[in-house]
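One chain, chain A, links the two complexes that follow: it is found with chain B in the first and with chain C in the second.
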Partner chain A sequence: MIESAFEALSIVLDPGRIPFMFLGISIGLLIGLLPGLSGTVGMAILLPFVYGMDPHTGMAMLIGMAAVLHTGDTFPSILLGVPGSSGSQATIMDGYPLAKQGGAGRALGAAFFCSMIGGIIGGVVLFISIPLAKPLVLAFGSPELFMLAILGLSMVGILSGNTPLRGLLVGMIGLMLGAVGGAPAVAEYRYTFEWVYLFNGLPLAVVALGLFAFPEMIELLAKKQSIAKTEELKGSWMQGIKDSIKNKWLILRSASMGSLMGFVPGVGGSVVDWITYGITKQMTKDSESFGKGDIRGVIGPESANNAKEGGALIPTLLFSIPGSGTTAILLGGLSLLGLQAGPRLVNEDISITLSIVWTLVLANIFGAAACILLSKYIAKLSLIPATKLVPFLLVVLMVASYQSSRQFGDIFLFAGIGLLGLIMKRLDWPRAPLLIGFVLSQATERYLWISMERYGFSWLLQPGVIILGVIIIALIAGGYYLKRTSEKSNFA
Partner chain B sequence: MSKEVKSILFTAFLFILFCLMALEANTFTDKAKFFPFFVAIGAAFIAFVSVILQTFEHVKKTKEEEEEAVEMKKMLKYIFWFVGYGVLIYVLGFMPATILFLLVFLLVESKFRVMTTILSTALVVGVLILFANVMNLYWPAGVLGITLFS
Partner chain C sequence: MKSLFKKSFLKASLALALLVSMTLAGCAEGATGGGGSSDGSFYEGESMELLVPFGTGGGTDSFARFVAPFLNESVEGNPSMQTVNVPGGGSINGANEFVEVREHNGLNALVTSASTHMPYFLGDPSVKYEFKDMKPVMGLPTGGVVYVNPETGIEGAKDIQSPKQDLVYAGISATGLDLVTLLAFEVLDMDVETILGYDGRGPSRVAFESGESNIDYQTSTAFLTNVQPLVEEGSANPLFAFGHLDENGEVVRDPAFPDMPSLKEFYVEAYGEEPSGEAWEAYKAFLGSSFTVQKVIWLHDDVPEEAVSALSAGAEKVAESEAFKEEGEEVLGGYTPYVGDQLDRVVSNMLDTDEEVMNWVKDFLNEDYGIDRFQ
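And then the complex of A and B:
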């Protein structure tokens, strides 16, 4: 394993691949610091470009983006009091007051340092989990794999917040969209209406771009999001780093919690952020200063939100369970690169999994370094008004959507799904469940069909299936409990 | 029209759509049918229940939220820009459409100066050509068959 790890490091550090990792890091930082754009949008934009790349390069770009998202989103949280993404909401509580008191540099220094350490710990947790999960993953047959797909689908309820029925309905739209094209069990085309473009099914990249990127662009323009006032970059960066080192156990505790919570599918960045903030506050003796500019209120959540990414990759890569829109797209990205999440990634394609671990670690180091060194320039980017930025992003989106199958159908589908996404966003319908349903549709149908053909209904009584059934119930209950705890911390 | 009413209409639309999909699935052979048919039936049932629940909730509510009509108008305007750009790509091809779209949008909506608009558009075209070569990207030629920078 150690030998394979060093081999993977040499693959990641290949001069031909490094620029793509930096491209991913740059886009991750940019998406993070633009309020309103999420990691799902970033992943959707990058996905079409990985087509045709070698798996290591493609993964370096995608993971590089996802790894640093919660590093870049700290800028708007601390300087503007606006969350760059959902995972940096709790940072505002103490980061923004610190900036107002002239300690923006100190808060950012602490945040970037903790993000880096948290990200590295997340990578280590992912690395450790591979040998532990390997025997389990390799023991799975089609009934267990079907149950894992159901486990992924059951996350739609958790991702839907207070509207589980809508989440379920949206997840089913995803399942039906995934059924478009060739049937897996028989040579027959479904819902294609004799349109050749639909014969291969709907491209995931276009669906993801339309569903997430299109509505965000329209809303950014319509609201003309631009921020009038920003706090100045005053205060010592080194002081922030020294504060972090002084609170090393808090970093370790928060990062470990972040990794473990990330493992639970459906628990997003905002949940991890708020729970860590709540626990940090509860476990601190002199907690009166929290909410007024206490540096520990920045250190706790910032250590956890980057560590969460490593934990979130465990169910995605090893068990094919996407716990969020971002990991659902990543799962699709693996297919585009000719890979399959699950048993293969811990066996034949172990070098890919290990290169993902390294990319996670390196991207966090490079991302934090870039934020510290280029902070003055990067901070200014979050002030660009939407009307000056969106036209350029739209060109990128059009190029990206056309790369999926290189037919005009891609552009029509992008507009069609985009309008559906916009309606859903305007009506407060959850969108991530659609993506999860779409990604898991083929696998669910295939494994159900194989299980039924091979075992009839007796597969339902297999021990692995029963255990997974119990886990599904426990995870749903656990997910709801974590969400409620997070909401309580939010209100407190 | 309030957000709740729109949501009920959207759910009703989904109910009809799922019913149609179930009918269509019924025409497939058995092995191709079982998955989409049962998912569509289940989804139609959930949509139906959801319409009823949302209607009850809406009737209970006495106050209606005010519509953000101004924002809606702006959104429609930008949807028109986006769709217009797509239509331009279909007719002119990607590169001429992008140049035209950027020049007009940056001048009209972004309020850029003429020189900044021209320089920004030229920069985007340059970056696109560079990335097309490095990452092996393609773009559509359009029905008029204009092939600019491809």
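And then the complex of A and C:
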């Protein structure tokens, strides 16, 4: 396999193909940079060009785009407090406060470095799991997938700070919003009022943008100032890289967690960042500084969201199960290139799979390098006065929302959820739990339904379920314990 | 500071301009005015839109994007072909939009799939489109194969009434392609526990492989790439292919699986007589609209006659082209598209449904699966 890996490297580095990889990388960075546009849009833009390309070139372009998306999307998250894509919201929690304190350069440096390392780890995980993928995928039956969804939901408590009850309530509202549209198991439509727009459920991008971006815009306008309170951009990106190296184990842990979660289809793909953020916070002793500009709050999610892509490709390529919107389109791209996802990609067409691994690694390196070079200029965005910046951003956000299904419902929903987000922000209610509930709603319902139908209550005794159950309880109990002890030490 | 701000503002506007142009390219509203210059052909210098009622990257989208350049080459006048995605409502949205919003001028075509046909036949209240008011230009068949886990002890038709394990089927939704499978079980009078709610055919196959289910079906391409290896290693037994409806409305063998019995032959082998009855009629009706003509490219039927003839002639040329068959192996799944008179016959077969049969299906869905949406 090592030999064929190097053969694949020479395929990827073929001078005729490199430009297409770079084209993919630039589109990926641009899509990431524009708030609200996510990988699905990038794929949809590139897909028409794929037709007629040779498979290696086409894949290099598509994967190049997907690989660096979560590198570029860090800019708006840190600089503007607006999610660059639905996978980079957790970065806001600490990245944005850092930018407000003038430490944008440092936060960006750390974020890009971690994105790069995370992306490379994701590629390595994909490579290693090629021979192991089958038993791995088969190990997750519906009951295990349900428990994983619950694991994700259990983050709600951690992410709601000092108000766990509010978090729980908001999380439930999220679950309910996720239930709008066609039910996963029966041909029933819920809360659609026979409005066809709602049949497919609320689009994730619109909910995420409304919840996190809209309130931020309004607040900025209300304060009539630029994002950074200081005029100077303190902290260089070198400082950020140094910070990251100091936290190398955190990077490694978050990246492996990210690729693992990406690998589980249908669960967690779009909340990987929040779950990693929650766990990072959970497992740190002095966690009070989280949410106020702790660099570790940037390092955790940023390592994870790039690593996720490598993991998400395992079920996509080997089992033709897309884990996300992006990978779903990638499957279409494969068939346009004359390939079919499945066991063949590990046997006859292994060179394609290996070139995908290489593209992931290379694109992450080039993408991060490009971002670090650009960051000096782009970081100045945070010095622009809000009255000039916000109208422009609102237009971009509207367009991005409208991209979700190109119906007027998108705009109404954006405004509606946006107002809800604004109220929640003003009243200091946590918003992340709503998103987690929303994203995991379908998976939770689907897998609980299937488990009950298939096994009755006996699924509760399956070993995988018990192991995951213990992990969930340990995480919740551990969080409670750590919180208690840190409160006590504060008191003393 | 001032100049700095200006510079970044410039960049920002540049990015905005780029975004807008990308979005426009994505939406590409295309030309409106009717075609047909007096000299030359109808499509000379025109731009045509293929409306795909699904998101980018799905099977129907791939089909449309694959066919588009071939149509551009073969249709007289070489119209440029734009693929436009209008997803939502399980494809009902886009099909409604095609009928109600798009101009009936021959420059708009709709690409449908089984998911668009199904709610139409079941009389879904949100359906505003009527296939009888459309003119098919090209149709693409696909097929499917039902297979079981060898541990069920089922090796052939004779064993279906005495499996060693309870049969469990993992499906997506009773009103999707699964309906054909469920009707096949009904025809065969097999006792199968159906668990619906899986996220797609990929996940349901994984459920089969991990033992969560023990009877499953996959469409042709997926069967060949993903199930054939299982058959070879002895962990799956293929039972029958759904078959195709021929021009006379009879079930015949699937051309992609010439060695596999169709459901009809399988039934004969199991029971020694030809299948009949309401379930069988229903099976044939949905086999036609779900598999035999799984994807169709339509025009409005009130467009200029020249448009229909130019496009149909183009489609016939495409279907015969060697390059089309060769490059389309994955997208077409080894099937030859229906065009011309043959297409008209299979489509009119598909649209010619018996109201009693449809009512029986609605009752079947209500009684066995609790779906009262179509009552």
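Just so it is clear, the second predicted complex is superposed on the first by the 269 of 492 C-alpha atoms of A that agree within 3 Å, B and C clash if a C-alpha of one lies under 4 Å from a C-alpha of the other, contacts with A are read in each partner's own complex, and residues count from 1 in each chain.
As a convention for this text, contacts are C-beta pairs under 8 Å (C-beta built on N, C-alpha and C of every residue); 3 or more make two chains touch, one makes a residue touch a chain.
Just so it is clear, the model here is predicted, and its values are computed rather than measured.
J.: Does the superposition put A:Q282 against chain B (first), chain C (second), both, or neither?
T.: So A:Q282 meets neither chain B nor chain C here.
J.: Going by the contact rule stated at the top, is it chain B or chain C that touches a larger number of residues on chain A?
T.: Of chain B and chain C, the partner in contact with more residues of chain A is C.
J.: Is A:W449 touching anything from chain B or chain C once the two structures are fitted on A? First, second, both or neither.
T.: A:W449 sits against chain B and chain C alike.
J.: Looking at the overlay, does A:A185 come into contact with chain B only (first), chain C only (second), both, or neither?
T.: After superposition on chain A, A:A185 lies in contact with both partners, chain B and chain C.
J.: Using the superposition on chain A described above, determine whether A:S10 touches chain B (first), chain C (second), both, or neither.
T.: Neither: A:S10 stays clear of chain B and chain C.
J.: In the superposed arrangement, does A:L47 touch chain B (first), chain C (second), both or neither?
T.: second
J.: So, does A:S236 touch the first partner chain B, the second partner chain C, both, or neither?
T.: A:S236 contacts neither chain B nor chain C.
J.: Just to be sure I read the superposition right, which of the two partners does A:S458 touch: chain B = first, chain C = second, or both, or neither?
T.: In the superposition, A:S458 contacts neither chain B nor chain C.
J.: By the touch definition at the top of the document, which applies to A:F392: first (chain B), second (chain C), both, or neither?
T.: So A:F392 meets both chain B and chain C here.
J.: Of the residues on chain A, which ones does chain B touch that chain C also touches?
T.: Of chain A, residues 52, 185-186, 188, 388, 392, 395, 399, 403, 406, 449 contact chain B in one complex and chain C in the other.
J.: In their shared complex, at which residues does chain A touch chain B?
T.: Its residues touching chain B are 49, 52, 165-166, 168-169, 172-173, 175-176, 179, 183, 185-186, 188, 190-191, 214, 217-219, 221-223, 387-388, 391-392, 394-395, 398-399, 402-403, 406, 408, 411-412, 414-415, 418-419, 422-423, 426-429, 444-445, 448-449.
J.: Show which residues of chain A lie in contact with chain C when the two form their complex.
T.: 30, 33-34, 37, 40-41, 43-45, 47-48, 51-52, 137-139, 141-142, 182, 184-189, 194, 196-197, 199-200, 231, 265-266, 315, 319-322, 325, 328-333, 335-336, 338-344, 377-378, 380-381, 383-384, 388-389, 392, 395-396, 399, 403, 405-407, 446, 449-450, 453-454
J.: State the interface residues of chain B toward chain A in the complex, per the touch definition above.
T.: Its residues touching chain A are 3, 6-7, 10-11, 14, 18, 21, 24-25, 28-29, 31-32, 34-36, 39-40, 42-43, 46-47, 49-50, 53, 71, 74-75, 78-79, 82-83, 85-86, 89-90, 94, 98, 101-102, 105-106, 109-112, 120, 124, 128, 135-140.
J.: How about chain C: which of its residues touch chain A in the complex?
T.: 1, 4-5, 8-9, 11-13, 15-16, 18-20, 22-23, 25-27, 55-59, 61-62, 65-66, 69, 83, 85-90, 92-93, 96, 125-126, 168, 170, 173-175, 195-200, 202-203, 205-207, 209-210, 212, 221-222, 225-226, 229, 327, 329-331, 365, 369-371, 373
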